[in-house]
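Please read the structure below before turning to the comments.
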Amino acid sequence: MIPVISTIDLLKLASGDILSLQVYQFIGRQPGKKAYIQANLHGAEIVGNAVIYQLIEFLSTLAEEQIAGEIWLVPVCNPLAVNQRSHFFATGRFSSYDGKDWNRIFREYQTNSSDLLDFAKSQLNNPPEIIKRNYRERIKTAWQQELKKIEQPKSVPVSQQYRYQLQSLCLDADYVIDIHSSSNQAIDYTFCFSERAETARYLLVDYGIMMNEYNGYSFDEAFLNPWLALETQLSKLGKAIKFDIESWTLELGGGMTINPTSVATGFKGIKNYLNHKQILQLSESAIAYPITLVKKDKINSYYAPTGGMIQSRLALGTKVNAGDKIYQLLSFNKQQELPEIIDICTETDGLVFDISINQCVNQGEYVMDILDCSN
Amino acid sequence: MIPVISTIDLLKLASGDILSLQVYQFIGRQPGKKAYIQANLHGAEIVGNAVIYQLIEFLSTLAEEQIAGEIWLVPVCNPLAVNQRSHFFATGRFSSYDGKDWNRIFREYQTNSSDLLDFAKSQLNNPPEIIKRNYRERIKTAWQQELKKIEQPKSVPVSQQYRYQLQSLCLDADYVIDIHSSSNQAIDYTFCFSERAETARYLLVDYGIMMNEYNGYSFDEAFLNPWLALETQLSKLGKAIKFDIESWTLELGGGMTINPTSVATGFKGIKNYLNHKQILQLSESAIAYPITLVKKDKINSYYAPTGGMIQSRLALGTKVNAGDKIYQLLSFNKQQELPEIIDICTETDGLVFDISINQCVNQGEYVMDILDCSN
Amino acid sequence: MIPVISTIDLLKLASGDILSLQVYQFIGRQPGKKAYIQANLHGAEIVGNAVIYQLIEFLSTLAEEQIAGEIWLVPVCNPLAVNQRSHFFATGRFSSYDGKDWNRIFREYQTNSSDLLDFAKSQLNNPPEIIKRNYRERIKTAWQQELKKIEQPKSVPVSQQYRYQLQSLCLDADYVIDIHSSSNQAIDYTFCFSERAETARYLLVDYGIMMNEYNGYSFDEAFLNPWLALETQLSKLGKAIKFDIESWTLELGGGMTINPTSVATGFKGIKNYLNHKQILQLSESAIAYPITLVKKDKINSYYAPTGGMIQSRLALGTKVNAGDKIYQLLSFNKQQELPEIIDICTETDGLVFDISINQCVNQGEYVMDILDCSN
Amino acid sequence: MIPVISTIDLLKLASGDILSLQVYQFIGRQPGKKAYIQANLHGAEIVGNAVIYQLIEFLSTLAEEQIAGEIWLVPVCNPLAVNQRSHFFATGRFSSYDGKDWNRIFREYQTNSSDLLDFAKSQLNNPPEIIKRNYRERIKTAWQQELKKIEQPKSVPVSQQYRYQLQSLCLDADYVIDIHSSSNQAIDYTFCFSERAETARYLLVDYGIMMNEYNGYSFDEAFLNPWLALETQLSKLGKAIKFDIESWTLELGGGMTINPTSVATGFKGIKNYLNHKQILQLSESAIAYPITLVKKDKINSYYAPTGGMIQSRLALGTKVNAGDKIYQLLSFNKQQELPEIIDICTETDGLVFDISINQCVNQGEYVMDILDCSN
């Protein structure tokens, strides 16, 4: 089948050029759920574009009957970040205007608690699908305010102009997958909400990181948190509902590179997930994969205790025990001393989860993450 | 009198070079309060260094009898930021490592509320000076934990290593003045806490911006908030105390420049303030200046509604009425249209408070602030 | 009259977005010469865009009879540079890919000397207009090679892809005006070739800088040098011709700002120049202005002898005598010394010609230019 | 033996901090030649620091009798570049002040040709060692002028202040080794002068790139070119001398990483070279390794023909034949088209010599080098 392809203007540059998004919509013959999948929100994290390319290739081979509902695909979803360069490195993690992480700018629908309580009460006799529809209406209505702010003389900063266009694409989605990578180098994994951890097994990655601390304003949270808040409120009123609405940040490999293994993992996982959710109507069955779920605060970051050069660092995926040497720092000085080698050992058991690209570090620069899988 | 000059190592760079702070301490013959004054926390905001130079010159002319207590001066207090360059512009507002604003990294002493309640209860029979001493001990003890974290194998990021050294200098201060400028171009003013607004008049600037919203982790808040929390707690227990502990962010002029008028304003204001606080024992009396106090949310920022070139923008300090034209945007395009001129009008009455240095803006880039002085 | 407006794609970004040029062509009823005027080749130098806007406004009021020949206008002619940001500063002076100055990338038509000699000999019996036409054909033919290189699998770097599009617009121009500013802050002036200095008076600026040293690969040189080489060759063969082909780099004000006075100067000068060249057929006569011509090596740049803060620097345009104090450096240290003030004096008589925007300088950073007008 | 360690101040930053060099000198009991070895002139190229560390370790185990002459070692020889960061990438290839490549700033001793002729004539009856001594004196005398320029009120730019300190260390060296890496990712090789190609075999790398085109102002050229010019002049006068003075740019691995194999290659090669030159007096004999010498213009750089993501690129060191596919470009668009995959094939036979770190490229960004080894 052939996708509907549409282009959405994002913002005009000082030069008069306009940066845009392009959306590929595969719309099935049967009605159904809407999956929204984007890639490259951080400029260096390009793996997901190759995954989306493979999805487009694959979906194009399907007949319309094989899709129930809709699949929306948005590669290179942040042109501002993708095109940020310093020397020839892709540095698009933070907006250069305000230093904000491009994945901490999103607007979450929130009402004050009495409004939410009133709404929940008014829905107690409705079936879940009606509640969902009514709540979505509220979210969309609130979203109109964002556009009004943009149109005022004061207007709003770059990040708010951008988020308006991007979030508008998935306000009515059922499943959101935001494909990232480490901006450094990392293993493949997914972030997941503890309330939706069950389904993580269908993404076919080895590790799931559960967000036990509130991150704030990330794309996945901005989408799902309003629904979790509603579930909590309804539950307090004695009506326990779990909406079939999910949000994932899928992390595939490292920055500035397209690792073919990570691409294959991402493609296979997303296809399986869409099959499980029955948007894809395939002959094969979806499979569930054993996944190790770990809380986010079990990621222990190591920073350089002094300036120097990183040597003999353990490779990604290495298992370590507390006290094992994980890297060396070759440190020079300007006090007429010989250079010294400093051994750094892990404080906990765990797994080498993420490592810096740059092995030349000032004191306090990031070196590596150890994921403590105990517990 | 001659200051005690000491150098404190901040952090070692990858090259083996070490960045340091240098502290000038003028210690009076009589015991008394401690004033701590620093400048250039954001790399582009250099005016305060010239103010500190004038203070050093002036204090050097005094006899030891003319100071009661201590005055600590720290120019160029953030070498990492001061030396950040892009092309030849000083861009040191955000850490390049994590995109964090250099003035949103500081650690605030906080206890859980039951601890604070217990402490407050235990002090009800003590006089304010004893409470102050006891509370400071708690702050210093908590601060030891920061050092312990730095010394672990994991260590801590650049910003935490840096803040440890910097905040250590003023844990026991009574008055903190952190001299900033706009990174853009602005009028002279001071940020102030509503609980300390009374004394703002001694800084001899025309405007005071009251922080009605919590900013978070700025240097002034990190210093004063613990004391405000204690005051609130004691007050709830029926013991209303206002500690003579104050914190100011003094804003002088614009980025990358040393405006002599702003230097003169800063020097005169700080000298007068120290005189008022009787650290300086001068023959002349301190004076109080009428100051217009405005809440922080009355600063209305204007962002470019589309990409273009800013023209005909009103000058700093201009008074405006709602509906007045405040700038034009000359906007080019790539759709075979003529370029267009767009007029932007102010939504409120007010004062041109801050303007961007760069008149070439992408859609959503900052253009100017209008301070709405209506109450 | 209404211009023909056309858009030319420059290059595709990694995100799939395309940056373009837009050209405004005012084509008169009578045939005649072609003037090509562009602005904003360096990203920070935006003044010329406002000049071009005023030219568009003005030319639009004319009847087609009032133009003989063509006027091509290209504002924001370097979108890559215009949109380069660091923090909020426009840093587009160098390509981030190879560090090259955006105005040192252009291709100059060159043949080996025997080819040029052969060509010159073959033209000895032709009138200037025919020689001009024949030489242009050779230039255009050589230019085809550039496109061939782009189309090879190896392709060519960003700067060569860009220059191909930009220089293609003016290969057949008679007069080229490339409007720049200082990326710092400067007075208004024009660069000029000594062989064309006579006409500089019609640009109505006070100073002309004559390029006595070969700069290399700048836009103005790349356009004019081939013609100067031909003139030299013909002259050696006894046929002295001065082609009516000219090239100017007009420097208006400073970086990141649109100084209305500089805009007015630029508009008035270009209009007068086009009138003098009879492309504009106006009722008023072109006027010639006394201009001070100075050789380029008379611009003396001053660099910071040590790191510090610039104070008390003389204002732009100030006349100085050798030995006069031109700025102070407030220099801090980390060796337990008091900060010091260093006075810097000019080595020559002259004029304050250009000053740095940033008053915070590392040792060796640029501070100011003194133009030595003696001679 | 224990090295003499000395620290040399380079330049003071705006913050008052000073960046320095540290030199490790191993001075043998017997007089002899001087070898000068430095690393990390470009900020991202850190491999050489680890090589120098291993050399320090190794030389420290020797007795003073085992060194004839002197070995000077300068790790992290460019602190300005080493500490340049953007996000967390080390971008120190170009000075941010003037966009200059840090290895194109060096001063080459040059006289006008009649001076050189006069000098050469005056030395015709001298033995090579005396000529060497006399020529060095001239070089040193000329070098004094550099210092005088620095000390003038005008002073000189950062790069000239820096080069003065760095080049001063090796004016009297016999052998210079400047250890670089690719700022991207590359195989190990050495640059060499065709006049010294014979000795390249002792560096124990597989490839030598001969500089057939003049690069200009690189560290190796600035050191050796004056001697080559003298040799040429003497040869014209009938006195063919080849001074035992050599200069190498040794390229080990890629940017931001310390590849242990490259470190081992570098250490082994330099030790062998010093042994061959008899500065090291070791029991083992120096060995010569077969090396493939290729002219520099046989490095064919491939640039992206359009914007996109690099996929399926051949690995470093792969042998290719003309017409082989060397990489794919996954290119997105904003014109409602499907993304496309573009295959790029090599124009020549050769070897994958160097590849970009970043696989996300704008049109015209660097992708890879193919070294054409055919002769």
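We call the chains A, B, C and D, going by the order they appear; numbering starts again at 1 in every chain.
We take it that contacts are C-beta pairs under 8 Å (C-beta built on N, C-alpha and C of every residue); 3 or more make two chains touch, one makes a residue touch a chain.
The shown structure was predicted, so the numbers you read here are calculated from the model rather than taken from an experiment.
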- Item | Chains in simultaneous contact with chain A and chain B | C, D
- Message: Please compute the angle of the rotation superposing chain A on chain D (C-alpha atoms), rounded to a multiple of 5 degrees.
- Response: 180
- Is the contact between copies chain C and chain D built from the same residues on both sides or from different ones, judged by whether over half of the numbers are shared? same
- Item | Whole-Å gap between the CA centroids of chain B and chain C | 42
- Intercentroid distance (Cα basis), chain D paired with chain C, Å: 35
- chain B to chain D: how many Å between their CA centres? 46
- Message: Two or more other chains touching the same residue: where does that happen in chain A?
- Response: 13-18, 20, 22, 76, 82-83, 85-88, 93-94, 97, 309, 332-334, 339, 360, 362, 365-366
- Query: Across the complex, what residues on chain A touch chain C?
  - Reply: 13-20, 22, 76, 78-79, 82-83, 85-88, 96-97
- Message: Give the list of chain A residues in touch with chain B in this complex.
- Response: 11-18, 93-95, 97, 99-101, 150, 152-162, 300-309, 331-334, 339, 344-347, 360-366
- Item | Residue ranges of chain D in contact with chain A within the complex | 3, 5-7, 20-22, 24, 43-44, 46, 49-50, 53, 56, 60, 75-76, 82-83, 85-91, 93-94, 183-184, 256-258, 260, 309-312, 330, 332-339, 341, 356-360, 362, 365-366
